[in-house]
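Please go over the structures that come below.
First subunit A sits with subunit B, and in the next complex the same chain sits with subunit C.
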Partner chain A sequence: MDALLAFLTVFTQPELLLLVGLGTFAGVYVGAIPGLSVTMAVSILISFTFSWDVYPAISLMIGIYMGGVYGGSRTAILLNIPGAPSAIATAMDGYPMALRGEAGQAIGVTTVMSFIGGFVGIAALALAAPLVSDFALKFQPRDYMLLAVLGILLVGSLSTGSLVKGIFAGALGIAIGAVGRDPLTFAERFTFDLKLMESGISFIAVMIGMFGVSEALLQLHHVDKKSVRQTIDRIVPSLATVRKHLPLSMQTSTIGVIIGALPGTGGDIAALMAYDHAKRVTKKPSRPFGQGAMEGLVAPETANNAAVGGAFIPMMTLGIPGDAVTAIMIGALFIHGLNPGPMLMIDKPDMFWFIVGALVMANFFMLLFGLTGIKLFTKIVEMPRAVLIPLIMLLSIVGAYAVNNSITDVYWMLGFGVFGYFMRHYGYPLGPVILGVILSRLLDDNWRRAIISEREDLGRFFHGVFTSPLSTVLLVAVVLIFVSQTPLWAHAKARLARKDKA
Partner chain B sequence: MTTPQTEHHDGTSDATPGGYDTERRPGELGFALLMLVGSAVLLWSAYGISGFQALSAPGSVPMATTAVMVIAALIVTLKTARLTLVSGETLARDILPGVVLIFLALLVGYALLLKPLGFLPTSALFLTGAIKILGRRGWGFTLGVALGSLVLIWLVFRIVFSVLMPAGIVPEAEFIQFFRTLIGGQG
Partner chain C sequence: MKHFLLGAASALVVTVSAASAQDYPTKEIQGIIQWGAGGSTDTVMRSVTPHAEAILGGTVVMQNMTGGVGAIALNYVADAEADGYTVLMGAENPLLYKVMGLGDKDYSDFTAINLLARGTPILVAGPDAPFDDYAGMMDYIKAHPGEVRFGATGPGGLPSVITAMITTVEGGLDVISVPYDGDGPALTALQGGAIDVMPAVLGAAIEGIRAGSMKPLAIFDTEKNAKLPDAPIVTDFNAGYNTFLPWGPFFGVFVKKGTPDDVVAKLTAAYAEGAKNADFVELMDNRGFTMMGLSGADAEAFLAKWQQGTTWLLQDAGLTKASPEEFGIARPGK
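Up next, the complex of A and B:
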């Protein structure tokens, strides 16, 4: 009963309802405008909403998250420019459809499928999270530590980039998170005897720099690109179309939930994997993939929105972010004095059910704004980058300054902005850095707790790991990810393949 | 997995990081070396925290992570060194073109001026300069857009989010008070 009341909070308070709606509306725009990403918007928003109560702040962020994941599809279809990373796969078949004059249909299907995917994700969250959190109480400190390591590794291994660079980025994040005085012993770490380093590096400065300024700097390369005008008609898809793609959408939603729920990996990776899955299982696509197959729209769009709900599962139950946006939300909850994890689920179940309610609401708003207001959206997407880029930079600086009223944070933010700019150019993923920064404390604390409880004995530590099924599974997963990326694995696979043939 | 090519090979997300698989971009090796040296310095610094005192010492996790950084950076450097330079890209055109450098200068200038000059004048200067450089439009357009959006941002953040920015030379508080009394409220 309490859960139901908490779930309904967002529906009964007009102010929260308005904020979710506003957030979703803004999110669709943020997603639709190339160069503005959800991660960027949410990290800048943290610093602006920290004086608010936690419910309104979270309402706004959830709206932006849900809307933003969907909004990227709009420009992917119309302009072949994914407005958000999660829409990269959408462009592959959406744009060919638009070229055939089926932009309206493509947008309609995308919207409805995002809605369906969103619901699958939310349902999975509502059903799975309470179970996981009960289970999570049995987690030992070492399990948290292993999970944190696993999350950082997963980004590098599931994306198309290099695992080594992902590992480097993750380790760097952990090191950044360790800067300052150690909370347990008060020893100085990485301070280089500088006074201003003692309190550590503000993680918000790191986030805004990496996702705000570095993205804005990157967009400078594309200032002169012109947008194309498209005519749009017939938006709402027929029931038959929806029904025809329902089986595929359920499969790809499941992929989305799982990828979303895996620590670290989010909608962008889920969408690409779902697209691959659709290519494998669809025997007779409406058109060949890459030339405007409806299935090529359904798969990524269901998956990326399903990943939203999925990403909240580890965030709410374990305090381990499911993707970059939930990593930032954990940061937001920290600021509001809340510590996501199994204890939050037990002490404040309201918070959890409130988030579920807000997600449901955001999903409805997304459907509403997606199927109406098309004209308005095409207008705003045409906002010239010459104006947009300076504005993002200004907001980044204001955002970095506002949290602690400190000019030092602005310098850190700019430093990480430039650093992130180079990382993007040279193929280093940014997600693991943020994950590392957020998980640094958790990793450090749990390692020390684990090893102290084993009386500083590594032998006993590993004995503990191998006598607990959970720890063993996690350790094996970590090791497997490593092995799967080494030449050894490719070698073994090739040998197996040869044996099969013989 | 299907690997979509990112625009201009600069990564927009973790799913599609930038760079090339089989070639290296201008400056990539330098960056890799810089990361290696940086990681080594951090490892040294981490060793200085508590050395090999105990497994639960404050320096253990930092030492482990920086050691991982050194190893990863070393592998990346060796791999990168073996790749051939991608043809047709130069550092000055594709990685650090003039406009990026100009914007970096603008950003640093903003950060330096923010405290002494205050938020409103600094931002006005920054936006006007930036939009003029990027938009290459007339002064009317530039000033209109820059000042218009600045007023909007200021209103939203000062009033809605109640963010306090350095006032500098503009008497912001008095200004707001003046309008409050003008509207008739007690403020």
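Up next, the complex of A and C:
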């Protein structure tokens, strides 16, 4: 009964309701601008809401978080520039849809799917939080490493065209991610004794450059071409469309919840893995993947919003952040006199149910703000290119600067923009580069942790893998996915089919 | 004539800067936090600064500037004007930069506004560890050399200092040291069983201990801690630790050396008063931090002593890149 009352707090207090709404609205726009991240917005809010009570402060932050994760998809669809790392996969099929004049439809599907994913995440938080966090704690360094290897294999599905070029791009990304002082030993890697290389290359700067600037440069080729007229009569997807994608969205939401709940992995990896999953399980996509497949929007968008609820699971049950945003929220709870940790749910169950309630509310607001104002947004793509391209450049520069308030990041961003332009020109896919950067640390750090833990003995390492069911399952998945991408698999399949006939 | 003009001009500059110091602050102050959002340093700084702002009558815009174990932020403030409008909000790490080969600047290039508080180290084990206290752990390590996994956070981090202390006092410690990004991820790994023992700051472990998901082996202090009265202290197991304790990481607010004295005085007064705020004191107490509130000569003496003790400890454990001697850091007691 108390739980229900706490859950309903947000719904009954107009002030809190307003703050969640305001936060979600702001979040959608913060998320849509590359470089302005939710993490940044929430950390600014800590100072801003310092003197407030804890409920209003948390309401605003939750709104921004939910809205921001969704907002990243906007620019991904309309401009091919993901507003946040978790929207990278969304651009792969969203932008082709916008090119066909279906931006409105794409945004509609994205919004509804984000809503569904968000709910799955919240439901997991409300109903199975202790269960999921116990599972997440089971992940050992070797499991994180295997997960990263599993992620690296996505290069195959993120490369359109030549796989060799995709592998090259992925390897480049891993190398970029390794630049700077190694966080475990503080040894310098690939820094060439240059001071500016010491803190590494900002991942966001690489992303904005590769997607934003290179896109602007590419568009310069056809400045005079008329922009595509967008049809916006069918924004809200029909019930039939939603029902058709429901099974897939449930699977990808589950991926989102688990990856989100793992400390150390977040919505970005979840979205990419979900995209890959969709590509594997969808027999007949509405269109080929990469050319505007609806499934290519459903998967990443359900997963990254499901990861929000997922990230709250270890935070609420153990006081361990599931991602960067929840890490800041834990700080905020401290500042407001609470002690986040395993005892929080026992000492202050109200707080838990209040957060669940606020998340539900934020999810509804996201649906509302997502489905309204699309007309205005689609106007952006209809703008003449002579206006649009400088605008993209401006946004890219502001975004890259805002990450660390560092002008060096702007130079990196521009450099990678020009580089990305030439990569595209020669048919190198950019997705794998970003994938490589995201996974670089996860792979590198955890492999070293895993092998150091086993006294650098490979035998003991594999003994560990095979005695743990979780590690074994992950290893088998890695092997299967790898083999299924080689000609060997096709041969075996063909032979099996022949045998069946005989 | 020329000389007169120059003199007049410099006199003018002096009056102008004096006037601006008196009105300080006339614009927003930039607070550079050395560590990421959500971490200990971040939480402490974001909770004390609003109280100091109120007394100062100005705004401090706080910003996290991470990277290079905090060196990026330190260098940023060191490169800014010494006018009190760029303030460094940092932790203990810079005192180790020189010997660790991480940079050529440390707090000797800064004036301490306030050394707010000190943390207490504690050795914790996972719930399933086959020992319950420090003595049991040492026996287990002796019986199973090279088996027990200790969490670490890189050279110069708290775990490396504590491990060096144990090595020095006990004359050896044969364990596997597994590096993590910080004490948060390492304590997570501890609960999942990936590591067995973690030297952490009390505040980070306290909730886990209360919930029974971590076992306190020993508090690294000379006195029992009011937050965990049942946890044993390490000096009870081995009096040898008295040489090095109390020791702990700390948080402080700094400005570049050369900042006008009255600006320093104003900032010092504001932070001294702000740190007395009841909410802040309660927050620090909840997280198990010991308030210090040092400034001026006291702060300098504290920093010098901390640096001597810690750098030589690491030097003797063979963890440094360069000897403290090269930087004129004397061996403690000499």
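By our rule, the second predicted complex is superposed on the first by the 270 of 502 C-alpha atoms of A that agree within 3 Å, B and C clash if a C-alpha of one lies under 4 Å from a C-alpha of the other, contacts with A are read in each partner's own complex, and residues count from 1 in each chain.
Rule of thumb we're sticking to: a contact is a pair of C-beta atoms (placed from the backbone, for glycine too) under 8 Å apart; a residue touches a chain by one contact, two chains touch by 3 or more.
Small disclaimer: the values here were computed from a predicted structure and weren't measured.
J.: Contact-wise, after the overlay, does A:Ile174 reach subunit B, subunit C, both or neither (first, second, both, neither)?
T.: It touches subunit B, and subunit C stays clear.
J.: For A:Ala128, is the partner it touches subunit B (first), subunit C (second), both, or none of the two (neither)?
T.: A:Ala128 sits against neither subunit B nor subunit C.
J.: For A:Val478, is the partner it touches subunit B (first), subunit C (second), both, or none of the two (neither)?
T.: Neither partner.
J.: Figure out whether A:Leu470 sits in contact with subunit B (first) or subunit C (second), or with both, or with neither.
T.: A:Leu470 sits against neither subunit B nor subunit C.
J.: On subunit A, which partner's contacts cover more residues, subunit B's or subunit C's?
T.: B
J.: Between subunit B and subunit C, whom does A:Arg424 touch in the aligned arrangement: first, second, both, or neither?
T.: The answer is first: A:Arg424 touches subunit B but not subunit C.
J.: So, does A:Val155 touch the first partner subunit B, the second partner subunit C, both, or neither?
T.: In the superposition, A:Val155 touches subunit B alone.
J.: Between subunit B (first) and subunit C (second), which, if any, makes contact with A:Met250: first, second, both or neither?
T.: After superposing on A, A:Met250 lies clear of both subunit B and subunit C.
J.: Output check: A:Lys165 vs subunit B and subunit C. Expected answer is one of first, second, both, neither. What do you get?
T.: A:Lys165: touches subunit B, not subunit C.
J.: Would you check which partner chain A:Leu22 touches, where first means subunit B only, second means subunit C only, and both and neither mean what they say?
T.: neither
J.: Take the contacts of subunit A with subunit B and those with subunit C, and give the residues found in both.
T.: On subunit A, the overlap between the subunit B and subunit C contacts is residues 47, 51, 184-185, 324, 405, 448, 452.
J.: Once bound in the complex, which stretches of subunit C touch subunit A?
T.: Answer in residue numbers: 36-39, 42-43, 46-47, 49-50, 62-69, 71-72, 100, 102, 146, 149, 154-156, 176-181, 184-185, 187-189, 191-195, 206-208, 210-211, 213, 279, 282-283, 286-287.
J.: In the complex, go through subunit A and note every residue touching subunit C.
T.: Those residues of subunit A that touch subunit C are 39, 42-43, 46-47, 50-51, 137-141, 180-181, 183-186, 198-200, 263-264, 314, 318-321, 324, 327-331, 334-335, 337, 339-344, 346, 404-405, 445, 448-449, 452-453, 455.
J.: Touching residues of subunit A toward subunit B in the complex: what are they?
T.: 37, 47-49, 51-52, 81-82, 85-86, 88-89, 91-92, 155, 159-162, 164-165, 167-168, 171-172, 174-175, 178, 182, 184-185, 187-190, 192, 213, 215, 217-218, 220-223, 265, 268-269, 271-273, 275-276, 279, 324, 384-387, 389-391, 393-395, 397-398, 401-402, 405, 407, 410-411, 414, 417-418, 421-432, 443-444, 447-448, 451-452, 456, 458
J.: Going by the contact rule at the top, pick out the subunit B residues touching subunit A in the complex.
T.: 1-4, 7-20, 25, 27-28, 31-32, 35, 39, 42, 45-46, 49-50, 54-62, 65-66, 68-69, 72-73, 75-76, 79, 95, 97, 99-100, 103-104, 107-108, 110-111, 114-115, 119, 123, 126-127, 130-131, 134-137, 145-146, 149, 153, 157, 161-166
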